Each structure stands twice: as C-alpha cells, then as structure tokens.
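Notes follow once the structure below has been shown.
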Amino acid sequence: MTQIKNIGVFTSGGDSPGMNAAIRAVVRTALYHDLQVTGIRRGYEGMINGDYEPMNRKSVSNIIQRGGTILKSARSTDFQTPEGRKLAFFQLKKHKIDALVAIGGDGTFTGAKLLGEEHDIPVIGLPGTIDNDLIGTDFTIGYDTAINTVVNAVDKIRDTAESHDRLFIVEVMGRDSGLIALRTGVASGAESVLLPETDLGLDALMYRLEHGRKDKSSRIVIVAEGEREGGAFEIGDIVKAKFPNIDTRVSILGHIQRGGRPTCMDRVLASRLGYAAVEALKEGRRGEMLGVIHGEIAYTPFEKAIKHSPEINKTMVKIVEVLSL
Amino acid sequence: MTQIKNIGVFTSGGDSPGMNAAIRAVVRTALYHDLQVTGIRRGYEGMINGDYEPMNRKSVSNIIQRGGTILKSARSTDFQTPEGRKLAFFQLKKHKIDALVAIGGDGTFTGAKLLGEEHDIPVIGLPGTIDNDLIGTDFTIGYDTAINTVVNAVDKIRDTAESHDRLFIVEVMGRDSGLIALRTGVASGAESVLLPETDLGLDALMYRLEHGRKDKSSRIVIVAEGEREGGAFEIGDIVKAKFPNIDTRVSILGHIQRGGRPTCMDRVLASRLGYAAVEALKEGRRGEMLGVIHGEIAYTPFEKAIKHSPEINKTMVKIVEVLSL
Amino acid sequence: MTQIKNIGVFTSGGDSPGMNAAIRAVVRTALYHDLQVTGIRRGYEGMINGDYEPMNRKSVSNIIQRGGTILKSARSTDFQTPEGRKLAFFQLKKHKIDALVAIGGDGTFTGAKLLGEEHDIPVIGLPGTIDNDLIGTDFTIGYDTAINTVVNAVDKIRDTAESHDRLFIVEVMGRDSGLIALRTGVASGAESVLLPETDLGLDALMYRLEHGRKDKSSRIVIVAEGEREGGAFEIGDIVKAKFPNIDTRVSILGHIQRGGRPTCMDRVLASRLGYAAVEALKEGRRGEMLGVIHGEIAYTPFEKAIKHSPEINKTMVKIVEVLSL
Amino acid sequence: MTQIKNIGVFTSGGDSPGMNAAIRAVVRTALYHDLQVTGIRRGYEGMINGDYEPMNRKSVSNIIQRGGTILKSARSTDFQTPEGRKLAFFQLKKHKIDALVAIGGDGTFTGAKLLGEEHDIPVIGLPGTIDNDLIGTDFTIGYDTAINTVVNAVDKIRDTAESHDRLFIVEVMGRDSGLIALRTGVASGAESVLLPETDLGLDALMYRLEHGRKDKSSRIVIVAEGEREGGAFEIGDIVKAKFPNIDTRVSILGHIQRGGRPTCMDRVLASRLGYAAVEALKEGRRGEMLGVIHGEIAYTPFEKAIKHSPEINKTMVKIVEVLSL
C-alpha cells in the first residue's frame, strides 16, 4: 500500500443536513495528519470535469451548522459508463489525488464501487442521505434532522387540525423506505402511518375511520412518498370519497425536509465518520462505507451497503396504533 | 347603555397563531373587571348550537404560546341567513351573554356586523388572520408568525437549491393578497415575487431568466397562492418549458403556515388587542374592529375593515429585484 | 403473580423533555389493555399526600409535544424514610393502585427500589433525565432535546463570538457527567471541552491558547457544570488572568436546557419505553429500569441502573481537539 | 455635491441579528447603481488600520439569514480622539472611499457625527442594536430577533417552572432600556417585569407575592439588566429572604440574545434601510440615521438619534399585571 498524500472529498446524490459537518471533519482530520485535501465540486460530474479546489482549515470554517453541501452535488450520467469513470480517474491522477471520501447514498456508492474496482484508487464512503435506507449504519447523516423537520411541521399542522377538527394526510419523503414515516408517525402522535413496506396501512386506516372512536378532534395520517396505493393526494381522494363528513386535507411537506441546520446527533455522527474516514484510508482500507452501529464505527463493503432492505420494526407500527387510540 | 356583565368570546374563520393569546387577554381582562366570560366554541356554528363554556383564569393558563385556537373554529352557512343569526342571538340571551368579542377575518366581521345590526348586542372584532389583508390595523394577529414560518422554510429550501443549483418556485398563502409573498420575498432573498396585485411578476421573471446573470447558483421565486397566472405548478410548467436547462422545482408550503407557536410580536399584539377589546366594550363601543396603527389602538367600523384593498408597497417590489441582482 | 388492574404513573426528580410523551404512552397502552391508570402528582411527595387523579385518553391528548411534565415533579424528604414509604404504600393501596411506572433519574430509582423491596408492589422505571448518566440505556429521555438546545444556543453565541473575535466559555448542565458537554462540544465545533471525568481539560486548553494557532477568529469552550476546576466563571478568571489579550466571556446556559419541545428521538424513545413499561408489568416484571440498548428494549435492575459511571469516549475527546485545530 | 463613487460600509458596537442583511442591501444597491463598495472590517478600529476589502455581489451571497456581522465589529478608543478620526479619514481617502454607511448604535453614531463634522465625508447611519433604544425608528435592526430569542427561552424555562411550581427570575439584555423586558414580559405571560425606567417594579412584585393569588403553579419575573435594584441575582436574594417557601431560581439569558438567524421583520427592516441608505447618499444626504417610522423611511440627525429616552408604554406595564392575575 502506497502512502496517501492527497485525499479528494465530494458529495453526491441528494443533499442532506450534516454533509458539511462531514466535509469539515474529513478536511480537518486530513490536515491534522499533514495530508492534502482536495474538494471535488458537484460530485462525479465535477470529478470528470476537473472542478477541483484545494481545501484548507478556513475552507471549512463556520460550516458545521449549515445545511446543504458547500461542495455541491449533481447527478452524472457520464460516470455511469466505463469511459466516464476512466476520465474521472484520469482527472484524479492529474490532480495527484490518491484516495477518495465519497459522501452520499446508494447511487454514490455504486459509482464508488465501480471506480475502485476498475482503477487503482481507494475509496471510503460515508452515508449521507435523509432516507436512512442503507445497511451498515444505524443512522445516516441527515436522517435525524429530517425527522425533526417533519415533526416540527406536523406539530404546526396539528394546531390547525385541532382548531378545525380536521384529518390531515401528510406526505413525507423516504423514496421506497418508510423509515422517515414510521418514526415521525410515532413522534407526532399520528393516527396511522402508511408505509411502502406493508400492505395493510390503507385498510387499517379505513377500518379505523369506520369503526374507531368518533370523538377525535383531529387526526394526522403520515404517508411515505413511496407508499403503494399512491401519494397523499390519492389517499386523500379515497378517504374523502368514503368519508365525506370528515374534513380531510392533504399536505406534501416536500423539499423543506432536505435542508436546515443539522441536529446535534447529525453533526456528531458526521464528525465521527469524517474523522474515521481519514483514519480508515490511512490504515489502508478501501471499498467500504463507514457507519456507526451500536455506538461503534462499522465497516461495510459497498456491495453490501447498497443492497438495502430496511426492516420495519413491527412493534413501532403497533405503537402508532395503540398510542393514538 | 346597559352595564355589561358577561362577555362571549369566539374565534371564527381560518385559525391563526396568536388567537389563543387574544382569548387569554380577553378572559383575564374581563375577570380583572369582575365580568363573566363565556367561551363560544366553533365560531358562529357553536354560537347557534349553544356550544358555550364559562371561562375562568385557569381556562387560559399556559396557552399564550400555543398555535391554533382552544375555542376551535368552523364555518357556518346557517349564520349567513337572518334566521340563523336570530337563533344565535336567542342562544346568547339564553346564556345571558350581553357583549361579544369576535376574533377572525373579513368573513367573521361580516357576520358580526349583521348580528350587531339586526340584534341588540355590542360586538368588538379583533383581526385574527395570517393574511394581513384588513384595513384598520398595521398587522393582523398571526401574520408575523406566518411570515417567519415561510422564511424558515425557504431557508431550508435554499440549502438544497444551493447544493444542486436549482430554481425553486415556492407557493405561499395569502388568498388574494400578496402581503405574505412580498415580505417573505424580501426576507428570503428571493429572485422574484409573483403577486396577485400586479401583472408584471411573471414577465419580469421570464425576462430576467433570459437576460439576467447566468452564474447564479440558486434562485428562489415566491408565488402568492392567488397569483393571476395560476399556482406554483403552472408557473413551474411555464418556466420549465421555456428554460429546460434550469433545474426547476416546485414547493407548496401549505398548512404549516397556519400553525406554530406565535412570535413575540403576535403575542404582544394579541395581548394588547384582547385587553383593549374589553376596555372598548366597557366604554360602550360596538361594531368596530380594533387594530394597532402606528403603535396606537385604532377603531375601525366593521364595514370599513372588511373592504380591504391591501396596497402593495412598490419600493418593496423594487427591493426584491435590486437585492437579488 | 396477581393480575394488575390499576397502574400508577409519576415523574420524579428534575423534569426532562419527553416525560409527557412517556406518560401518554403509559396511559394509552394501559387503556388499550383495559387497565386503569392513575396519575400521581408531584412524585413521591404526592404519592404520600394522596395527590392522585384517574387518567383517561383525554388526559394525555396533545401533550406529546410539550416539555416539562403534566404530573409535575418534586423532591420528597419524607419518602427517604421507611415511615414515609410505608405511608406512600398505604395511600397506593387505598387508591387500589397495584403497580407503578416511575419516570425519573437515579434518585427516583433509589426510592423505587426501596419501595418495591419493603412493600409488595411491582415498580418499573423509565429513564427521564437530560443528563444521560444511567446504565441500562443508550440514551435517557430528554438528553437528545437538551443537547440540541445547547447546540442551538452555542450557534447563537458563536455568531457574536465571530463578530467580535471573542473566546466564549459556555457552561452546560450534566451534574457530575460530561456527556452533555462532550457531545455538544463536538457538534458546536468547540475549541475544547472541560469534563468532570478527566483531569486534562484545563491544561490542554491553556496549552493550546499559548502554543496553538493565533489566527482563530472565535473560540468556544464548553464546560460541564461539574467540572473539577470550578464553574465557567472560575475557568474564565483563569483564562483572563493568563491571556489578558483574549476577549473572554462567560455564558451559563442554565435552565433553558431542561425545557422545550422534545425532539423526534426523545418522543420516539419515550413512546417506546412507555409502551414497554406496561407490557413489562403485565408480564410480571418488577424492580427494573427499562431502556433501549442497540435499538432493543433492555431491562436493568434498579440497583445496577443507578450505579452509573458514564464512560467518556476518548475518541470523541480527540475529535473535538482535531476538528477545531 | 460631488458624485459618490465608492461607499464604505461597516458595523460597529455590539453586533445584532440583521446586520448582515443590511450589509447585503447596501452592497447590492450600490452595485445596482454602478457604485463601488468597500467593506471596512472591525468598525472604527479597522477604519483606522486600513482593514478594507472591496465587496462584490458574491461577497454578500447567502448571508441574509446569518446572525452576527461578516464585517466584524470592535470598540476603538483611538477613534474617540481627533487624531484617531483624522487617521481614519486619511485611510478612507487613500482607499478612495467618498461616503460611508455606519451600522450600529448610539456609540457608532456619536463617532459618525464627529467624523462627518471634522472631515468632508457624508455618513449615513443605520440602527443596528438589539436594545431598540434609539430615537428615529420604531424598531432597530436586531430587536425583533432578540425578543423572540428571549420568548423562546422563557417558554422553555416555563416548562420546568410549571413542573416544579417554581418562580423564575429571568434577566434579559437592554442596557439602560427596559424595552426588551417589557415586550417579552407581555409575550411570555410574566408575573411582573422590573424595568430600569420605573421605580415600582420590585415593590409591586413583593406586594403581589404577599397579597396575590397563592395557587399559581409557576411564576416568571423578567428583569432588565439595567434594573435599578440590581441584577437578577440580587432580586432573587430579596425574594428568597422574604418568601423562603417559594422555590425561586435565577436565570441570566446572556449572550444568546445577540445572535441567531434574524427574523423576517429584521431582515425586511435591514433590507429596506440598506437600500434607502444608498439612495440617501446619492441624494446628497449626510449626518443622519435612517429608520422606519409608521412604515415609512425617516431621517433623523445623528445628534437627535443618540439622545434616546425610550418611553415606556404604561398600558403595556398594566397589561403584564392584568393578564397574569
């Protein structure tokens, strides 16, 4: 194993709060070890296009508390081809970058895996996505902030739901994962959560509206964006058709869920992982995503991390039901 | 003028943050003057149905900081008829209520005006709406909270807009008033604001996207829900069709704008107006909406308050343009 | 084992955000199982004085998002005596309460342990304290909210520290535990953290101020309230005496750390534990504190839970140092 | 009057949220008029030391939402002498700066007045201070943010006050002005406010604790830092001595009040004033502080603006008393 001298760091895929804290940790830890660090802007697209900038201590001053990513992010179709990756590797060599820290989600790691296999460069991945849908870490960077954003928004919606005796169907993010929906459903005292992983959500909701307590002054239903029956508007139409007397409204929380100042937990997670990423590269590790499992740093090969099948905790589904009775 | 002994208080129309602070102020001030206070639940609907409850000090403990309205709100079609109002008056007499404080918007005051004209009961109105679209007050109760909710949400959206070099079209509330859009447009550093009161918004935006700076890393456009060209999705389609290279997204902020803990300003405004409402009734005033104009309590007859034609400050429109250049 | 029919629930010791969510979960889960639930107000003091109230679904409506505890909390010197506990047991029997859920910290569990040993009543404890200083759970209810409150406060302080090139010494809570200080130190990008568990904090800080970078525009030092050298004011005096050219200020965050709306994580933790507490009592468990360890419910005997010796993660201390270089 | 070509902008005195929004507005408006803008760092100290940097559009990107001041602030004793001001003017000329926008409080304007009198350079001032203690504007930039920070903090403190039946004495900023204390006292439902402008605060509080309702579960007293009887600790000692049965605690909110993301109102005020400052200089105005009075831009000579004698609205003091009964 050759000595690493210059680490490239980049963010890719959807941005998530805490990515800046991770970048800061990578940069500062590398500098602490007298390594150079190069910021690669706009993910794989910038890697191919040579959109690089040397990073110093000041580059990452006062960013730990900021949402988004100062290195920006983008999708790259070129990088999905062997030619694109070859070009990217050429650029990396040209800029004397001999190791990479990739911050992103499964698409990011799929690319990182191929780059590391086809070319001789060690890559370490950090899980940066609000969806929490990766194997190899208890939580992804950004998830804790996103669920707090959702809960704060639903608290506001509940104020108006209570005042008008309404049922609100609130759609949250998560792609094909219900992890945001489930946890925010518990935390916001929702009536029901409709998850992409289970078939039963809508039936259970309809049953409950028909046979359950009639004296509830407000009801919140959390729908994951990937929910099988269709989005929140479709669910809303079904409910309205069957229960015309219930004043039903739909709210799509949308992109506010991706931004905002990261929570304490996300900053700590990002800082620990950024620090560990540089340590891992120094130790000769490559082709792995780092995570925190049970409080300890865990190393998961990219091919395993991206084969996510987030398990839904069935007790949590039950808890939503029992506590909103 | 007969001595008032029992004041009825209610909220009507869309809820707004600070209504609870206003209720608290009415109740506590009335009790201070050894008057009785009766809470009327669900607005005019509850007034007709006899949904009344006596209020004491404890009834309004610990509510100053809560969004929504503990007295709930509802629309009433019955009250729009003379028969409905007669029934309401009958119920008020039955419960020995001899004066009213109505908290709401123009619909509320239209009803209050008719009730006070057709029947012998003094009514004082307080402006409770996030839209700030009433004559007779510099600000309505709830407006300041709503614009802060919008600005906080747009701050989050800007994080992700910056990270991905996107243009975001954000739709805010305000019915046929652009006051929420204009002020939040200035405060969130928006590229443009599209207001229902002006024709020029969309043209100016299109001109700017075509001829303006190309190096902007993100753009925020604020659209008022009543904007003439259609909602944010329609605006988004127009922009996407003409500028396919701009990564354009739409976000409808929706009902989060109605809820949440009221800001300091909204609590102070609500407290002052609630206090002044009881004083006004004691002084024999009736048929007026109270507001604060230039720091002083102002009295505006209902018929004038509801004829709102919110003026748009043209300098503010210019400021949005200049400061986002 | 006798069938449980009526569960008493109470909060004791310092309040923490999420206690209400835990109470709600206990009440709703008990009702779900057709058990009665009695709220005991003001902790052990109310238990002795008979300050009891039956709880129903409505009793815990709309409290999941509220800080503090609706059952209130108090210290009781009487309960520390066998006579006091005997009296408490007498009152419990009189009110036909045959099981208890105690929400609080080590003092609460010490009392619960003695009560359960001396008298025949099963008690389950839930960890409600911002200090996170209990064995038997990865996190206590309230800790996540408290560290976010601290981080938000330090973000504000950093604004002014940056503007004036100041060093701020910020004192945070935690009694004899540095867990709040350590995590918030990482998350707020602090220069140093001074912890009660280590001797080195102050020396390291002084060394760094003398030999470290001189070009830092602001510095934040987090001091745990139990730190050995004395509180933040004492540390401030030491720094000022040795480095008169550094503009040094002290801020004691104080009681804001105990209150506020609980975070998503605290609400989920509280909901899971409240649900599990009732399940545990139904299964015949007693004398244990419930926690969540590695994502699973864990059962720890009271005598073990209260013998806390919170371990300080040395890598985290290193991370603070490295990342603020 | 000579044509202005290069405007210098600086912040001075205590920082306040919204200063960055004002800087942004000055820079962007100047650029809009094809003027140059120079940022002067660290207030008058930097003006003397030549700490200048040219500003462009990018210099003020993404700062509208940030607390503090990117131009930093400092106190300068040198500038208080004619020689210091002469040196400052020499530096300004050397950098071809021919007009100034000074953002700060009374100390800032005192300096600006002298500079403008002794040397030929037009200066316009913008009111940037959390204290709201200047004549010539309804609100100063930062005041609205500060009072919301206070109210949010007191909301948290009330959670714990309610849980433990405590009286909290909360000290807020404001130097010799009670405007922060009074408004936050109303908004947080305080029992009493103790203001530097009135003698009666402490007597009224003591009378009330002795003769008022005994069944209040919590009490909040807001003390302005300049209150005559001494700070919050002294008030706390007096209360504890006379009412040993009341569980009394003290909390000094401190420097969190100076920082944080500015509210919508502060950003709008700062944007309007920054825009108007450049317009004013172009029109040949000098020696004036700009403010907003009754919604319109107002111009006040420096000598008048700094002679503040903030009037206390007596009805507001009464409202605190009546609403907390």
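Each chain carries a letter (A, B, C and D) given by its place in the written order, and its residues are counted from 1.
Assume contacts are C-beta pairs under 8 Å (C-beta built on N, C-alpha and C of every residue); 3 or more make two chains touch, one makes a residue touch a chain.
Bear in mind the structure is a predicted one, so any value in this text is a computation, not a measurement.
Subunit A maps onto subunit B through a rotation of 180 degrees [Cα fit, steps of 5, range 0 to 180]. Using mean Cα coordinates as chain centres, the one most removed from subunit D is A. Look at where the CA atoms of subunit A average out and do the same for subunit B: the two points lie 35 Å apart.
A separation of 28 Å divides the Cα centre of subunit B from that of subunit D.
Rounded to whole angstrom units, the spacing between the C-alpha centres of subunit B and subunit C is 39. Each of residues 155, 158, 162, 217 in subunit C touches at least two other chains. Taken as a contact graph, the chains are arranged in a single closed ring, with each chain touching exactly two others. The residues of subunit C lying in touch with subunit D in their complex are 11, 14-15, 17, 66-69, 72-74, 149, 153, 155-160, 162-165, 168, 217, 249, 251-256, 258-260. On subunit C, the positions that touch subunit A within their shared complex are 24-25, 28-29, 31-32, 57, 61-62, 64-65, 138, 144, 147-148, 150-151, 155, 158, 162, 183-184, 186-189, 217, 261, 263-265, 267-268, 271-272, 275, 294-295, 315-316, 319, 322-325.
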